[in-house]
Structures are given as C-alpha cells and as structure tokens.
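Some structures are shown below for you to check.
You will see two complexes here that share subunit A, one where it goes with subunit B and one where it goes with subunit C.
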Partner chain A sequence: MSDATSTFSYQRPVGLTFGVLIVVLYVFLMAPLVMIIGASFTESLMIEFPPKGLSMQWYVEFFNRQDLVDGLLMSLRIGAITAIVTTAVAVMAAMAGQVISGRLSGWFQLGMTLPLLVPELLTAVGLLFFLYKIELGRTVIGLQMGHILMSFPYAYVSIAAALRQVPGSLEEASASLGATGWQTFRLVILPLIMPGLAMGAIFAFINSFDLYTISLLLKPLGGNTLPLALFDFLTYEFKPTAAAAATLSILLSIGGVALVQKLVGLQRAF
Partner chain B sequence: MTLSRRNFLRASAGTAALAAIGLPARAQSDTFIVNMFGGRWENDWRTHIMPQFAAQIGKDFDLDIGLGTAWISNFRAAGPENPPFPAVMLNEKYTAQIRNDGYFAELTTENVPNMADVIEPAILKGNTAVTGMLAPLVIAYRTDLVSEPPKGWADLWDERFRGQLGLYKITNSAATMMAMWAGEHFGSGRDDVETAVAKFKELGPFPQIGYSAQLTPLLSQGQVAVAPIDLGEVKGMQEAGIPIDYVVPEEGMLVFDHSFSVFEHSPDKQLGFDYINFVLSPEIQLWMAENWLIAPTNKTVELPEELQKWPLQPEIVSQAIRFDWDETLAIMPGLNDLWERTI
Partner chain C sequence: MATVEVRDLRKRYQDFLALDGVSLRAETGQLVTLLGPSGCGKSTTLRCLAGFLEPNGGDILVEGESILSTPANRRGFGVVFQNYALFPHMTVAENIGYGLKLQKLPKGEIETRVYDVMKLVRLDGLGDRLPREISGGQQQRVALARALVLKPRLLLLDEPLANLDARLRDEVRWLIRDLQQQSGITAFYVTHDQSEAMAMSDMVAVMKAGRVAQFATPREIYQKPVERYVADFTGEANFLSCDEVAVTGEGRYSIAVAGTTLDLGGVAGITSDTPVELLLRPEALRLTSVDEATFRGTVTKSAFLGAALHCEITLPGGGVLKLSAEPNANVRTGDEVGIAIDHSHAWLMPEVAP
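On to the complex of A and B.
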C-alpha cells in the first residue's frame, strides 16, 4: 500500500450525524479559501465572488508589482530562517523539559508557551523598545527575532509532544550499549521525533508567514513582509491582485503540508 | 522518499544558506530612505518621483512603506535623537502627536526655498511641518441612484439619503474631522462630542470603512450611493465608467493634510530639507495634481486646462475647513470612545 493511501487508513466509519458535522465543519473552514481563490480569477476590477469571467491578469499584475514580490520574498526568507532556528531551539527546550520533573515542569511548559499567552501587540511594543535599546530597531535581525519568538511555541508544543512518545528505556538501552549522549540523540531520538519536528517546523514557517502585528512594528527600513504589503495594497487599491497574492500564500501552505506528507507522513506528524 | 538525518541536515543547511543571501546590511548610509503610503502611492513614488530625487542627490533610494500609527510607534521607541530616516511624510494628525517633543527641525525659506511659494494654510503649526500633499475630501454620489444630490455636509442628514450612506471609521481622520464639524454645526462647538456622536447615530446603520479605497468598491457596486471620499477616488471611478459625480460641500470641503518634516537629529538633515524642497517644487506638485488629483500647495503651479474642472486651485483649497490638531488630539480619546460605544 502506498504512503498516500495509508495516511489515514486507521480511521473507522463514522455515523451519519457525525459525518454531516464534519462536512459542515469543512465547508466552514474551506469557504473563505474557495471565495478568495475564486475571486483571484475574476475579470472584474473588484474583488468579488463568484468571479466574473476567467482571467489570470491579477496573477500577472502580482508578479509585476515589485512591492508585492519583494514582500513575498522577504516573507519566504524570514519564514525559512524562523523555521530552522525555531525548530533547533525548540528541540533543545523540549529535551530540557523532559528532564524537569514535578511542579517545576508545569511552569516550564507554561514559560515555553508564553508568547502565545501575551497579546501579540504587547509583545511587539515591548520588543520594539527593547530592539531600539540594543540598536537593532528597524533591522532584519530585529524582525527575525520577533518572528522566532512568536513562532517558537508552535514548534515547541509539536516537538515536546513527539518527544514524550519516546520511551525513556530507549535512551537507557542506547547508553548501556556504549553510545554517547550525542549518538543517542542522533541515532535514536531524532529519527523518532522527526514527524513532530517536521510538523513544528512547518507550523513555525506558516505562523511566521502570516504574522502581521509584530511585523508592522518591527519591519526593517525599506522592507515589508507579504501580509504588510498586502494590507498596504488593500488600503489604497481594492483590487483582485490581493486575492491572487492570497491564493499564492494558500498554495505555499498546502505545499508545506504536502512536504510533511512526503517526508514523514501526515498520520505520524499529528 | 525517506527523510534521512543526512538529507535533513543538508536541506536545512542549504535553506539557511539561501535564506541568508540578500540580507541587507544593517547600516545603509548610502541609501536615502523616506516613508510613503502603500499601494499606488508607493508604486508611483518609487517609479516616477524618487528616481528624479535620487539622481539629484547622487544616492540610491528606498521607501519605508506603512501607516501613521506604526511610524509614530517607531519614532517614539527610537527617540528624537535616533530618527530612522531624514525626512518624514505624515498625516497632520500624526505630526501633531510628536511635533512638540523635539523631533523636528524648523523649516524656513533658507533651508527649504520653495516654502516661499506655498499657500499660507500649508505652513503648519510650529513651522516644523509643511503640507506637501493636500488631498481634497468631497461628497461623491451615484448619479443613477441619487436624483437630488447633496449640496453640503448637512444634507447627509436628509431623510432621502437614509440607508444610502457610507462613512469612515472614527480611526480615520476624515471621520474625526466630520465629527468635529458636526459638533460645531449642530452643537456648541468642535469639542461637543456628545452632540456629534448623537447626530451620526441618527444616520445609522451605515457601513464604516477604514480607508478611502475601501469605500470605492461600495460606491462602484452601488451598495452605498453617497459618501465622503478623496477626489482621486472619484476620478478613478469615473474613468472606470461608474456613474458617479461629486460636490464640493457648500460649507467647505475637508482635506487630508499630508505634511512633511525633517528630523532635527538626523545626520542627513540637509538631505531631508532638499527632499522637502523637491516635493514642494512646481514640477512635483503638478505631477501629483495630474496623477493623483492632489491639490498643489505651491502657488506657482499652473494647472492645465483639463484639471481646471477639479477643485484643486489654491483659492479653493485655501478655504477648506481646517482643524487645529493639537486641540483635536485632546478631544479624540473621548470622541473615539463614545463613537465606538454608540455607533
């Protein structure tokens, strides 16, 4: 059986009511996506659904607009670095969390998710003043730090969950066979947590790609991320070019999920 | 395909290397940076205006795109001693928030010679800002949906427009100006926010939008028939074949003041003065009038025949209803709070 067909093969048949609920849920989740994708192909000058006619002109305009393309490239760059750095730090944090026990463990877990608990705007304002203090205000590095901070909890939760599934006995067995700590991590732990790690990286990337408020305050001089560029665009030009940009973003997200499926399988990642 | 450790590390290293390429150096002293709004403003400024100034000063340029709130937050975080760029363009509402805090240099005809030719209302309080872009705010209406057009702001309260209006959110300075006008017209003065908000409550329900370009689709699709809006949006809709016209309100039109200032402590202060002088030059002022329907603040600009039908002439914009934004800022917290709770 191929990977693709086995992805959700453990599922059992569900009752009619539950099935209807799932369909309703999917319609609720998918409707905005369908509308924005549909609107991106309209021939009309306004964002509207259903689209009038069929045209690729807004995609052409998107790629002709330097501000939007620059925003896309910056978002991709920031997102890629965020995914890599966040995943590496989250792995270390999750392993540290494993060895902390008792009441302290709960506080540790809470601390790792603090960026999710504090309103993004407050974090952004705090970071803004902090970054100016250390002379990193309005720099790419400052923006990158903000994105890593805001994306960290997503990677941490995913990776910590994967790490909890690894039996402690494996580490003991590895050590008893003479493996060093690094060898145990590299040859035993890492392969086992790889689905969670990949998912964490994808979550971090997607979260970074979507961040607005923190980017608004921390963006570098002369630079813009795609969400900011889109907002600026929509503020002054309410044209379907924005729908084309949104569709490309959706495709990128789907591409990320497809990558996880290809590398480790969605079933193992969730 | 399976994800081996080696593959993963290779991919990570490769991505990191790719991602690192093109990271701009932190200090870009060879690049002249100024701010600008996004969308068509950025596109036009980047394409048509800045290359001329860059050639004049012999430097590359870049634009910092955004909106007033984020810029002000950054200026405050940076402090007056550490401005991010030499000159800044802000809505007067934002300029007023920091002009008394030592951020801006005084503008004179010595450091900005073209200021000698600007209309008097363009010189803003404290001589630290000059209006370089004056965007008239008129009342637009759909000619196919409105049989008797409004004549002025007060007509918006006429029963015949009930349910046909589109207005700004109170976070937009247009709504602030309209509320203050309503306080003065219907109540005891511009600071009579209770009367102003009560009067706007009478107009409800109406769609509230954040920016002019978001009113355009509502007017274009006929979801609203009457709305205050930038003149430039009216022109765009007419060119797109939308049956729309406008009136200059008999009480006087409102204007969006986009003012320009130079940061006192910028190491490139002189370039900031040069930039403002460039923006105020007759050539650039005319370009903005022709392309954006921005009213020239430079009196020496001669408007071509095709622009004469628009209310851009100095004698007309000089009579626009103006506001003291220091006083307005004092009123705004109460006004915004009451508006949000009431409407």
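On to the complex of A and C.
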C-alpha cells in the first residue's frame, strides 16, 4: 500500500509541473496573437486590448491605404517567387547532398544551412556590396535574390529530410524496371517527397514574408515589402490599421499550414 | 533466356576488397545460388550483375556479349529485393504495371498482362491495395510479379525470403522456384540459408571473402566439399582430424583415424603432408553394437527431438560425433556405444583448399 502511494506521489508532481509548463508555454506563444487579432477589431483610434466595440473599419482602412496594399502585393509576389525558386534549387541540392558521402557530406549540409548561421545583417550588408558590383543594387531582382538566399535553408532542411526517408532500393528497383533517371525522379521520388516539398515551399514563403533587415537594406527605391511599409506606417501613426495588417499576415500563415494539411497531411509533412 | 558468364569479377572499396576474382556461369534456365555469410561478396556480385555497382575489373557476359557498359535500366533484368522495394504510393496493380507503363504499351495490354501475372502469383483481387495494406508474403509476391511481368532475360533475387517468417518463407520459396522453372528464366539467387540453396538451385556457388570457394551442384557441394569452410556452411557436419593419409588411387585414400583404418574417397590431389579432415555428415553415422562398430565412444549428450534422438558421442581420441538416432533408441548419457559409418558418405578434404 505504502509502495503504491509513494509511486503515485512521485509521479503526480512531475505530471503537474509538466502540464503547467505546457499551459504557460502556450499562453506565452498565443498571447501576442490574441492581443493583436483582438486589437484589430477595435472601434477606438488606438491599438488597445481588450478592444472597444467591434468593427471592421481598420481592415477597410488597410485596403484603402495604397502604400500598405502595395507592400502586401510586393511581399506576396516576392514570397511566391522565393518559394518556387528555393524549392526547385533545394530539391537539386538535397539530391546532390545524398550522393556526397563521408566527411564532405557534413560540410555540404553545413554550407547549405549557412544563411541561417550568419547574422542576417552581415549577409545583407555583404549582399548589398555584391549587388552594387553587378549593378543590381537596390533593384527588385536584387531584393528577390536576397530573399531566396535567406529562405533557402528552410526549404533545404525540409526537403533533404523527406529525401532521406526514400530508401535507395526504390531508385534501383525503378531503374531495373527500365526507368531513366528522370522518370524515376518524376514517378517515384517526387511523389514520395511531396509532403516535405510542400512544407519546404511554405516555410520559404512564410520566411520571405517575414524578412525585415535584409529587405530594408536591399529594397528598391520607392518599393516596400509589407513589414517595411508597416514599420514606416507605425513611425507616424499608431492606428489599429497595423493590427489589421498583422492579423491578415497571421491568417496567411494559418492558411499555408491548412493548405499543407489539406494537400498532404501534417503527420506526413513532419 | 540467356546464358550468363561472370569472369574474374573484382570490386574494391577504399580499403576493402569486396570481390577478389569471382567467376561463375549460368546456363539458360538455371537457377544459380550465391551462398555465404554476410560480407562474403554475394550481394556485391548480384549488384554488379544488376548494374547498380560498377566492378573494378573482370567482365559479365550475357549470351557472350559484355553488358558492363549497359546501364541498369537497359539491361532488361528483373530484380527482387530483400526489403521488397515496392513503390509505397502506388497500388499493387500500379507497382506491377510500372515497367509496362514505361514501355508505353497500350492501356488494355498493360491491364491484361498485370491481371495474368497477378493470377500467376496468386494475388487476385488485391490490385487496388497499397503495399502497406498487404502482408509481407504478399508484398514479396508483388515484387516478384513486378519483375516477371516484363519477361526479363535474367532474374536476380537478393535474399528475397529473409524478411518473411518461416511458414511464408517455404510458400514463397516454392513459388519462386516453380515460376522460374515454368518460364525457363535464368536466375541468380543470393542467400545465407543453406537449406534454401540446396532446395532451389541447379548450381550453388559457396562464397568466401570475395571469392568462390566452390561452384557445383547442391549434391556435390554437400557430399564432396572442397574444404572445411564449404562443408561447414552447407549443413550439419562432423569433422575428425586424421593421423595418417596414404594415397591409394585417383581421389582414393586410406586413412588412420580414431584408432581405425578407413578406405574412402576425397578431394583429388591430397598428399600425405596435406592437413586434412574427415567429413562425416550425421546421416552417414549409425548407432550399432560395440563389436560391429567402426568407432567406439561414450555418449556425452542425448536429446529427444521428436522425430529423432540427437546424440553426441565422444571418441577416445577426443573427437566428437553428432548424429541422429532412431527416436526410441535406448541411449543414455554415459553409455558406451559403437558407431558404424557408411563409407560412401565419408569424405576426405583439406582443411583449406589450396
């Protein structure tokens, strides 16, 4: 009897602490989202929480502000191109990474994730010099290149992980049945890494949508991404329009995750 | 349908010699088994045949023509893998029809051929299932069907039964052998299981450290091994060291062993100074009364196995003989018994082939 009691009295505090920790963690993660989404529906002229009343006026205001809408469109376009280009390059890089063996393989992995390890500001400054050298300084193409560089590791990690799950014998089986390398890729490998690929593309998109420092340094004259436009906006006005913009961004991210879930299932993506 | 000749095949990894001059030959319609422990080079040989590995030396000839410069996808060989290697995102029917689809055959023909081969391997009605929804035995039959539906010139099987449980293993083994014989396809079969090798093969190559230790029929491998390694790997075996060897004819010897003299056959070329061993398979030995016996010894172990009584008998010289006695034989540990040997099943061989 006393044994059983001691077992339970040992386990319960651990379970409880763990539970409390989880709750605290979630509150910590969710609180800013709840605040900002709540504040976007306020009737008052200031960003405040809890919101006063309920209104959609700040969303209307957001879509009436040409600078913010331009920023949103720019961010969407750059994000989409970033997602497509990084995914295509990351698939090739991940496949090359599989062929490389031994000590070189570790260095290759490290190289592919380098943009994550170097401070964004340093990359941005270096890239700015480089882009001016090749006469792409402060152009949309230069900005696009910066976004691709910064988002590449996310796509790479996700796709390389998916590729590692595909046993080599499948490629051999496909070859023995008469498939060329390209046919094997299209009919066997691509369908199998699709979840990781979709996840990588969405990560790359969300990351690009979120980039600030590198955009600030590389942005073309007269062109702003949404984060830059919002920051400019907040410098002069502290209106809930910003909260509405943030809420739209959150919806976009949730939409992306929902899309993955719908396409391939989150279980398979991780 | 093809004769296949492997000539002096060599494969080296950085500091490891995987194949050190492997030579084999398969006649049309034969099933040749590569038998050996892991790391002996049997899978490497198969992978060179399939075109997944490029050998460093030697040649592979099919119908007299070298295929080394032909890539795997144009060799027209069927390969069956140990882990089945089915495409997990395709149904059973799609897996089997994969190769036909690549050949751009009309849809109707693909369907008919897939249907026919599924019937052949008894997979009827499972066409719409995914690989993960069927059993291991069924998965391996899908893999077999996927290879056979293309009517390959050569079938390569890499331990196809290793992941199956004992009951399924038997079933799939006979299926493979039946299909191979019906279709007359030349086949190479890799395994580490000697009973599989014995039961299925026309020829067996016992491999040892990147070389072929012996290439012969299952009967010859079992009854007339060229060295102890081969005898050991192909079934239960008793070995006795011999005191004196005299050559009495071509492959005939007279030996002194455990206090008696025997006349028997052996590997040709043994001389009186070759280190030799006497091979006695358990079925060559019979318990008998002490006065009729070739050997006398003491029972040191006896275990009732149902169909037989397993005995271990220690000879005065220290050698131990294992044999299967009749289940109701009255043998107990410590008994003094006699053992008669069947001379036609005794075999003299060198410890290590020259």
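Keep in mind that, in the parts below, the second predicted complex is superposed on the first by the 248 of 270 C-alpha atoms of A that agree within 3 Å, B and C clash if a C-alpha of one lies under 4 Å from a C-alpha of the other, contacts with A are read in each partner's own complex, and residues count from 1 in each chain.
Following the convention adopted for this analysis, a contact is a pair of C-beta atoms (placed from the backbone, for glycine too) under 8 Å apart; a residue touches a chain by one contact, two chains touch by 3 or more.
These figures come from a predicted structure and were not determined experimentally.
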Superposed on subunit A, are subunit B and subunit C clashing or fitting side by side? fit
Regarding the shared-chain residue A:167, is it in contact with subunit B (first), subunit C (second), both, or neither? second
For A:191 in the superposed arrangement: first (subunit B), second (subunit C), both or neither? both
In the overlaid three-chain picture, which partner chain does A:129 touch, first (subunit B) or second (subunit C), both, or neither? first
Report for A:233: first if it touches subunit B alone, second if subunit C alone, otherwise both or neither. first
Partner chain(s) touched by A:263 [first = subunit B, second = subunit C, both, neither]: first
Given the superposition on chain A, which partner contacts more residues in subunit A: subunit B or subunit C? B
With the two complexes superposed on chain A, say which partner A:65 touches: subunit B (first), subunit C (second), both, or neither. first
Smallest separation in Å between any Cα of subunit B and any Cα of subunit C in the superposed model? 11
Subunit A residues touched by both subunit B and subunit C? 191
What part of subunit B is in contact with subunit A in the complex they form? 1-3, 5, 8, 12, 15-16, 18-20, 22-24, 26, 28, 31, 33, 37-43, 46, 62-67, 70, 73-74, 77-79, 82, 84-85, 210-214, 216-217, 220-221, 240
Subunit B partner contacts - residues on subunit A that touch it in the complex: 45-48, 65-67, 73, 77, 80-81, 84, 125, 128-129, 131-132, 136-141, 186, 190-191, 194, 198, 216-217, 219-224, 228-229, 231-238, 262-264
Subunit C - residues contacting subunit A, complex: 50-52, 71-79, 81, 83, 85-89, 98-99, 102-103, 143, 146-147, 150, 156
Sort out for me which residues of subunit A touch subunit C in the complex. 167, 169-170, 172-180, 183, 187-188, 191-192
